[in-house]
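Following this line, the structures themselves.
The same subunit A turns up in both complexes below, where it pairs with subunit B and then with subunit C.
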Partner chain A sequence: MKRSPIGGLLILGSMALAMIGPIATVILWAFAIKWRYPHLLPTEWGMKYWFAMLGRETVITPVLTSLALTSISTTAAAVICWPAAYAFARLKFPGRQVMLFSFIAAQAVPKFALYVSIAVVFLRLGLVGNFWGVVVVQMLSAVLFMIWIPTAAFRGIPPALEEAAFDLGASRLRVFVQITLPQALPALAASYVLAFVSILFEVDGALLIGAPTVTTMPLLLMSLSAQIIVQEAAVLCVLIWVPCFIVLLLTRRFMTAKGIAQGFGV
Partner chain B sequence: MSDLAQMSAGAVRGPAKRTGHGTQAMAGLALVALPMAMLLGLILWPTMRMIGATVTLEDRIGADRYVAFFGDAYSMANLRFTLEMSLISALTALALSFGIALYLRFSAGRIATMIHALSLFPLFVPSIIISYALVRFLGPNGLFQLLLEQIGITQYRTPYLTPVGPFLAFVWENLPLPVLVLSAGLTQVSDHAVEAARDLGARPLRILWEILLPQTRRSLLIAFALIFLGILGAYTVPYMLGPAAPEMMGVYMQRTLGNLQDPDSAQVQAVVLMAIASVVGGFYIATMLKSQGAER
Partner chain C sequence: MLDIDTITKTFAGAPAVREATFTVQRGELVCLLGPSGCGKSTLLRVISGLTDADSGQIRIEGADVTAMQANRRPTAMVFQSHALWSHMTVAQNVGFGLRVRGMPRAQIAAKIADVLDLVGLSSFGKRLPAELSGGQAQRVALARCLVVEPKILLMDEPFSALDAHLRKALREELKALQRRSGLTTIFVTHDQEEAMELADRIVVMQAGRVEQFGPPGRLYRQPQTLAVAQFIGVMNTCTTAIQDGMARWYGVDVRAAMPPGEAVVLCRPEDLYLDPNGAAATVTRVIDLGPVTKVNLITPEGDLLTWTCARDLAPVQGALVRLMARHLHVFRGGNLVGRIEQPDLVFQEGAMT
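Moving on to the complex of A and B:
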């Protein structure tokens, strides 16, 4: 079928505007010193607001809190989920299918309503406004990535090599460390990155469990975005999102139709 | 087709069979115990407890709090607003992504590659970032308005703080998942089938309805359920972009719990939302189970 490319170009143009336009606006604001209506672009450029933001303790503290929180809860989730993913892929035990399925079914619960129920329990336990309370609730948002990507990865490793090693008398641990793990490593790393970024930008749990004593970077961004000086929130956006975007691009081969289908059961 | 089916139903392969069944079962259960405990302790238990708490009154068990919720005009307006927003946004996202997937299916070349890449871009942009970016892009005197004025359109009215604001953000966020799944589904329709139908005189709409849609029906249903449920439980997007009233349930629950310090009402709101979600969620789970059963 022959067609003129005009239709495609039209779609491409509107997609580019809709997809890139919003983010481009934020990047422009981050490097603008003066941008007043009705100028299409900033009239004065510079990084003045970057220096102002980076020198402020009310900015540094939430960013550090977020980095600590995210590292701890992502690592903790990895420690408990990766072995489980191995078990789901390689071991036979009663209830395996139902349990693996329940991780996918858990996505059907509306998140914010669930966090309300957790917040009420945590309130009694004294975990509201507590750093560790936020760690626990944020681990939940990591569990999905940490189960399905690694389970698929472990299952995708052909067992022939492992069996050969067994036949040569290698121990189970040695086979795992020297043969299985190296092959699964890229997928494990990808699941770590995806979970890390989704926790770093997580709002709901941090808000309901952490506020007002534990302020994370997204909560700071929310409060800055309501302020008159546009540049501050824009700088924070660019500062945090751009590195994440670059790292996420490295994981994109795991964000394929197949990968997504596995995670959501499509 | 579904790897999940293979993943969960397929026979265990590899070195596992070397170990005795008993040991293996114990090891397996031990390894999955902690994440399972998380699911039970952080999803099942708080939900069950919350349902119990909402019907436990000072001296008896009763549905009084639900009667109050369903009798309250403001609560009902918020609930209706949330359902309408979820439904309309999910359907729009699906329709748009179906269009994109169709275009990608029947096109090749650099333009198609770029469209594909652009449609996946939201996968890499967290809710909070796109919400803020849309405020700046679509808001009053934002870049979009400035661009329109360059070409002489001056009647722009910003969707910021109206229902259109969160609607646009939800559609934006939810494009990649269906585009990925639908374009994968559509590649399974062979060119021959389409050409044969065309040779027999079928019009494009009929080809769409009788060949392309059936092939992707299940993906469409599951994608719809996932997007709908995601929007139902959303907070950031409506908080940043939505109107002050009516509120979406996420914002309403947060205000009830955080600002009004009224956990009783917040829990009733949460249970109502979960009950509605369980209908769509049950349908999602049933569709998944059915498709796995069919492939076994």
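Moving on to the complex of A and C:
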């Protein structure tokens, strides 16, 4: 007996609705001028709030700050963490498991408490209220994605692939660049996207280390939500969402379901 | 050509290879044969340089390469898992070793075409490894090694993941190719039929030790250790005591001009023949294998025997037969101490029925 596909379609449909619905609502709000009950769609459309928001320097500066902060700290985290992940995956050294576990343990500590203690140190170093101070703190929030996913990905690459290249005369560096990195690319791309998004939305560290001189988009969103105008918040949400979407598109080429699953050690 | 000189390798205290020593001639195909965990793959990796030996020396054409890294050694290895790089096409996989050597592009392309032609995959250059069958993938892996013209080709159970028919076909192809090119080859396998068919000489390994090194036929007919005798082919094993130049073999006395003491006496199933004065045994099963018939028997003492004979000689199940052996191999402490050819049967009272 053939099973009817209706049940599956229903589940798929409701999942899609649950995921896309809220995003669609936010996007609609960003372009709505008037939208009142019981209308299903806005009754008056326009870019009015966009011009209003983008016209304000207090909005533009955090947008640019956030983009710069996120790009720099994600990339720096990748440069530091990916080779470390390779070491975790391939080398055996004492305390390896303990160190790997400590990255998770650090996640279990309330972030805010952690940042307070970091802030004390940073205050002495003059990194509070400083752009680079925020870069460093936000890098920390990416460490989990940048270590665990790539470690699992590197571990998932059969050593024979690297050995075959080494055996044919390639140097260790060449093996890493031409064999290991391309093999791990889907998972590395996934870890980059996840880290990018988590840093872009990061609030605690930015607030404690950055305030009051460095303002990021999520901080702006928080401060605006006091004087709530739905459309303004929606415009900001879309503004934050766009860079994430772009990064996702850029890395989509390298991401396959298999590669990502491998990255998560599935 | 290749000297393996007292190579020892230990993993976390457990010896994997113990004082392996043998010499491979130029153009020879040598199989490392043994059960899994006997150290044959480890020894191959030591030859390739992917694993460092604890002690001993590897010489290629007289030059000591023991301290040389794998990427500097004139060897190339085909892995069991074929280990093709999935992000490169077949041509890119094959050309990798040449690009590493900095060969000009045009020359690389010509070499790739040649070697793909050699392994019968000339139209496959643009494919990805995922689009190949198991046999094709292993041929590409072979081509990838051949193209860099190694002095020694190393193969680590390259066909063991393939089905039986393909394995046989590839084995014959490899043998023909190896004969033509005269490439010195070391081939690791646990499959004795594969080793017997491919090898000029076989190194039999057991628990990290080289048990015997010789041509396939000699290993079968003249095993030097108990391990080789029991690993290659089938042997009927009889543990006995030698006394006054006599050994008791399945209830009959045979002349054994050897010092007294415990001994293990072995005979091949095909070396048994019907003899009215032989050892008595009851037929438990008759298996018609086609070319030969295999007969399983049990002696009154409960020892199991296997006899292979022509179909017209085969008894029926339940029959009582008397068997004698043409050759007996006698081992003591794991080593060969003598062979009894056409053993003289010592007539025993009541042996005739």
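The rule we apply is simple: the second predicted complex is superposed on the first by the 203 of 266 C-alpha atoms of A that agree within 3 Å, B and C clash if a C-alpha of one lies under 4 Å from a C-alpha of the other, contacts with A are read in each partner's own complex, and residues count from 1 in each chain.
Everything below uses one rule, namely that a contact is a pair of C-beta atoms (placed from the backbone, for glycine too) under 8 Å apart; a residue touches a chain by one contact, two chains touch by 3 or more.
Here the structure is a predicted model, which means the values were calculated and not measured.
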Practice task
Look at A:Ala187 in the shared chain and tell me whether it touches subunit B only, subunit C only, both, or neither; answer first, second, both or neither.
Solution key: neither
Exercise for the section: Have a look at where A:Leu127 lands relative to subunit B and subunit C in the superposition and call it first, second, both or neither. Expected result: neither
Practice task
Give one of first, second, both or neither to describe whether A:Val26 is in contact with subunit B, with subunit C, with both, or with none.
Solution key: first
Practice task
Determine, under the contact definition given at the top, whether A:Ile199 touches first (subunit B), second (subunit C), both, or neither.
Solution key: neither
Completion exercise
Comparing subunit B and subunit C in the superposed model, the one touching more of subunit A is B
Exercise for the section: Please indicate which partner A:Gly169 is in contact with in the superposed arrangement: first for subunit B, second for subunit C, both, or neither. Expected result: second
Handout entry: Intersection of subunit A interface sets (partners subunit B, subunit C)
Key = 163, 166
Handout entry: Of all residues in subunit A, those that touch subunit B in their complex
Key = 1, 3, 5, 8-9, 11-12, 15-16, 18-26, 28-29, 37-40, 80-81, 83-84, 86-97, 99-114, 116-121, 123, 136-137, 139-140, 143, 147, 151-152, 155, 157, 159, 162-163, 166, 172, 175, 197-198, 200-201, 203-204, 207-208, 211, 218, 221-222, 225, 230, 233-234, 237, 241, 244-245, 248-249, 252, 255-258, 260-262, 264-266
Completion exercise
In the complex, the residues of subunit C that touch subunit A are 48-50, 69-72, 75-77, 79-81, 83, 85-87, 96-97, 100-101, 141, 144-145, 148
Handout entry: Touching residues (chain side subunit A, partner subunit C) in the complex
Key = 158, 160-161, 163-171, 174, 178-179, 182-183, 185
Practice task
Please give the residue numbers of subunit B that touch subunit A in the complex, ascending.
Solution key: 2-4, 6-10, 12-16, 18-19, 21, 24-29, 31-32, 34-36, 38-39, 42-43, 45-47, 49-50, 53, 100, 103, 106-107, 111-112, 114-115, 118-130, 132-138, 141-144, 146-147, 149-150, 172, 177, 180-181, 183-184, 218-219, 222-223, 225-226, 229-230, 232-236, 239-240, 249-250, 253-254, 257-258, 263, 266-267, 269-271, 273-274, 277-278, 280-282, 284-285, 288, 291-292
